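What follows is a single structure, written as structure tokens, with notes after it.
Read from first to last, the chains carry the letters A, B and C; within each, the first residue is number 1.
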């Protein structure tokens, strides 16, 4: 266990070293994140500002969802996505074999291969949005609410991570997968809206298949103090299911891996 | 011209290429149907009170039209180009007696019928059954086809421009991310441009993003006046020529540099 | 660390690949969207051999023969379809951590070094992954530096190193954990001649110093001839020969080539009475003679006063192997 912690810190340090090599990227990515976050608020503004509430969500309340979304996006883009991109490249170049030769858990190595630490800007932007929104509403969340929502944030990260691992596992079979990460980003982007706005099949999809409900709506509801406890347990249970499924799929994929010829 | 005679074969190979990766094709098709979710979203928003002049039915028509246009005008040459420049495999393309852009475009155009096969007809049916009429006056139909071709043209050549930047920098994938981010907001993909505050609308009308999606969509569901269509076509033409010229120039100097530094 | 179980044992190894086959043409293309036919391609068939600890063995064979596939199965990267494989007392496909710490893989043209960072960073990473103590890591690195000379270059970003320098650092990174078994897949491919020699010398020296079992695949005959007392020849997935290289040459091409140089044009007819003439031009001739007749042939040739130089050579390895593969093709036909 301690060994894996040491490895994690090492990988983090190397990613930062890499970031220092490409300072230009560092700046543009950080700036871009901020711009995209602000622009992302515009559709919400159009839909809800000075308009009747939709499915029980007012403009300010929906902003809380956006805040969580932004934080989660920071974690996704900074800690989960970069490794996925790297793995697909490894498979293409045939150098994934080296990863598999190492006496450490392949899933761990693959998931910690690359980080983009400057995405922490999104984390701060998300917190910023939350603070600003509560100022707008003139209230503040209780400590219990903050605790529960932070727990649910961890749940959300677990679910997101498991989905990406399953996607990486798919990359073992189907080598050309640039579009899959694009698809997942597009789907994930709908996490900026409260899930109750969707109805019927779409809502089911976003609750169980690509559970943005879990990832952004529930933490937001927790922070607003209106999450039913049953939902929280559903969230934790769901995260476990996703984590186990992800691990299972990944292990199976490694088992069936055939490396690129020669 | 040799290119004309080679094109049918290139189209056929492009088709085979598209089919070779079935899963990738499926994923691409799914990505292109994102507007269905936007549709669900905005229908819910407009349930009680319309947003601007868009009520539920109009939103449905709008986003279905977005799907149709996106499927028919999609391009992906930027990823191919970046990959081939970085790995050096562009060299083999450069050695053939045909301009690589001709091959790329053939690949692209050949794949469109296949990719549009499923979603586009369904979307078109959806639009008409919802009560919106598709354009039937001849000049409107012509304008529609021109705008669709123009949208693809601009998308393709802008992608070539961004791809060519990889000749000069480490990877222009991040620049493409910027383009896509702006595209999503300013083309009308996520929100009909009409609904934006007026200053955003003004900016969007001047920038090229609208002419790769929003403009054909508006023609398709009959939301523009003849004057607006005419104006739009002119701007589209300007952006088309401009992007093609810049792409070719950038390509030429990029290839020279590529040869100098080796693959 | 017991030395006894560093060996490799392979019995009845089979490996099949599933490949999608499609005929050309529009109709078949469309059909392949909905239904795909898969063919089973045998890559390795009924392979058996045993390698003792500390041996240096070369895998020879044409492209597509199954050498790399076999190597990857031994390293645990591919699962065999059938057969028994034991490496250093472990079943490779289980990829136990204890097993992985005892082996290493070096692939020509592919590298584990991180591209944008200096090799020392990859070294640190490997130190953490293989759980090496500071002391043993430093000692091993020093030893590798003595053999390879990498201290000067290991702190520059990998992308700034030449191909040869990269290969040296690659070897160092692969050996930091002092493995008992080395798998080398085409390690000298793409390197210039002096670099090839350097790599070969290093591998030999390392094997002699540490007694690590070394398996090498190559289609450069020189690599194998220089490094490996024993070769295993694989063609079309089957074992063609397993033993000393010298004996293989004797078995397949039991003749020698005598290279003759003359002041003037040689007399072809006269040479043909001595042996098979494979070359005869203005000043040079090459005559092939069976070993038993060698002495007499040379004695006869030396009688010619016009002769200015005479050398006796083994037939080139390429030719020997080509002969071997032609034989095997005839057998399977």
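As a working rule, a residue touches a chain if its C-beta (ideal position, glycine included) is under 8 Å from a C-beta of that chain, and two chains touch if they have at least 3 such contacts.
Note that the structure is predicted; figures quoted are calculated from it, not measured.
A.B. asks: Of all the chains, which has the CA centre nearest the overall CA centre?
C.D. replies: Going by the distance between chain centres and the overall C-alpha centre, it is A.
A.B. asks: Relative to subunit A, which chain has the most distant C-alpha mean position?
C.D. replies: C
A.B. asks: Using mean CA coordinates as chain centres, what's the subunit A-subunit C distance in Å?
C.D. replies: The separation of the two C-alpha centroids amounts to 46 Å.
A.B. asks: Can you give the whole-Å distance between the Cα centres of subunit B and subunit C?
C.D. replies: Once rounded, the distance between the two centres reads 50 Å.
A.B. asks: Once you find the CA centre of subunit A and the CA centre of subunit B, what distance in Å lies between them?
C.D. replies: Measuring from centre to centre gives 28 Å for this pair.
A.B. asks: Which residues does subunit C have that touch at least 2 chains other than itself?
C.D. replies: If we look for residues of subunit C contacting two or more partner chains, we find none.
A.B. asks: At which residue positions does subunit A touch at least two other chains?
C.D. replies: 22 - these are the residues of subunit A that touch more than one other chain.
A.B. asks: Please output the residues of subunit A touching subunit C within their complex, sorted ascending.
C.D. replies: Contacts found on subunit A: 3, 6-7, 10-11, 14, 17-18, 21-22, 93-95, 97-98, 100-104, 109, 255, 257-259, 261-262.
A.B. asks: Taking the complex as given, what residues does subunit C use to touch subunit A?
C.D. replies: So the residues of subunit C touching subunit A come out as 17, 68, 72, 75-79, 95, 97-101, 103-105, 107, 110-112, 114, 116-117, 121, 124-126, 128-131, 157.
A.B. asks: Considering only the defined contacts, which subunit A positions touch subunit B in the complex?
C.D. replies: Subunit A reaches subunit B through residues 22, 25, 28-29, 32, 35-36, 39, 42-43, 46-48, 51-52, 54-55, 170, 173-174, 176-180, 182-183, 186-187, 190, 193, 197-199, 202.
A.B. asks: Which subunit B residues qualify as touching subunit A in the complex?
C.D. replies: Per the stated touch rule, the residues are 21, 23-24, 27-28, 30-31, 34, 36-37, 40-42, 44-45, 47-49, 51, 79, 170, 174, 177-178, 181, 185, 190-191, 195-196, 200.
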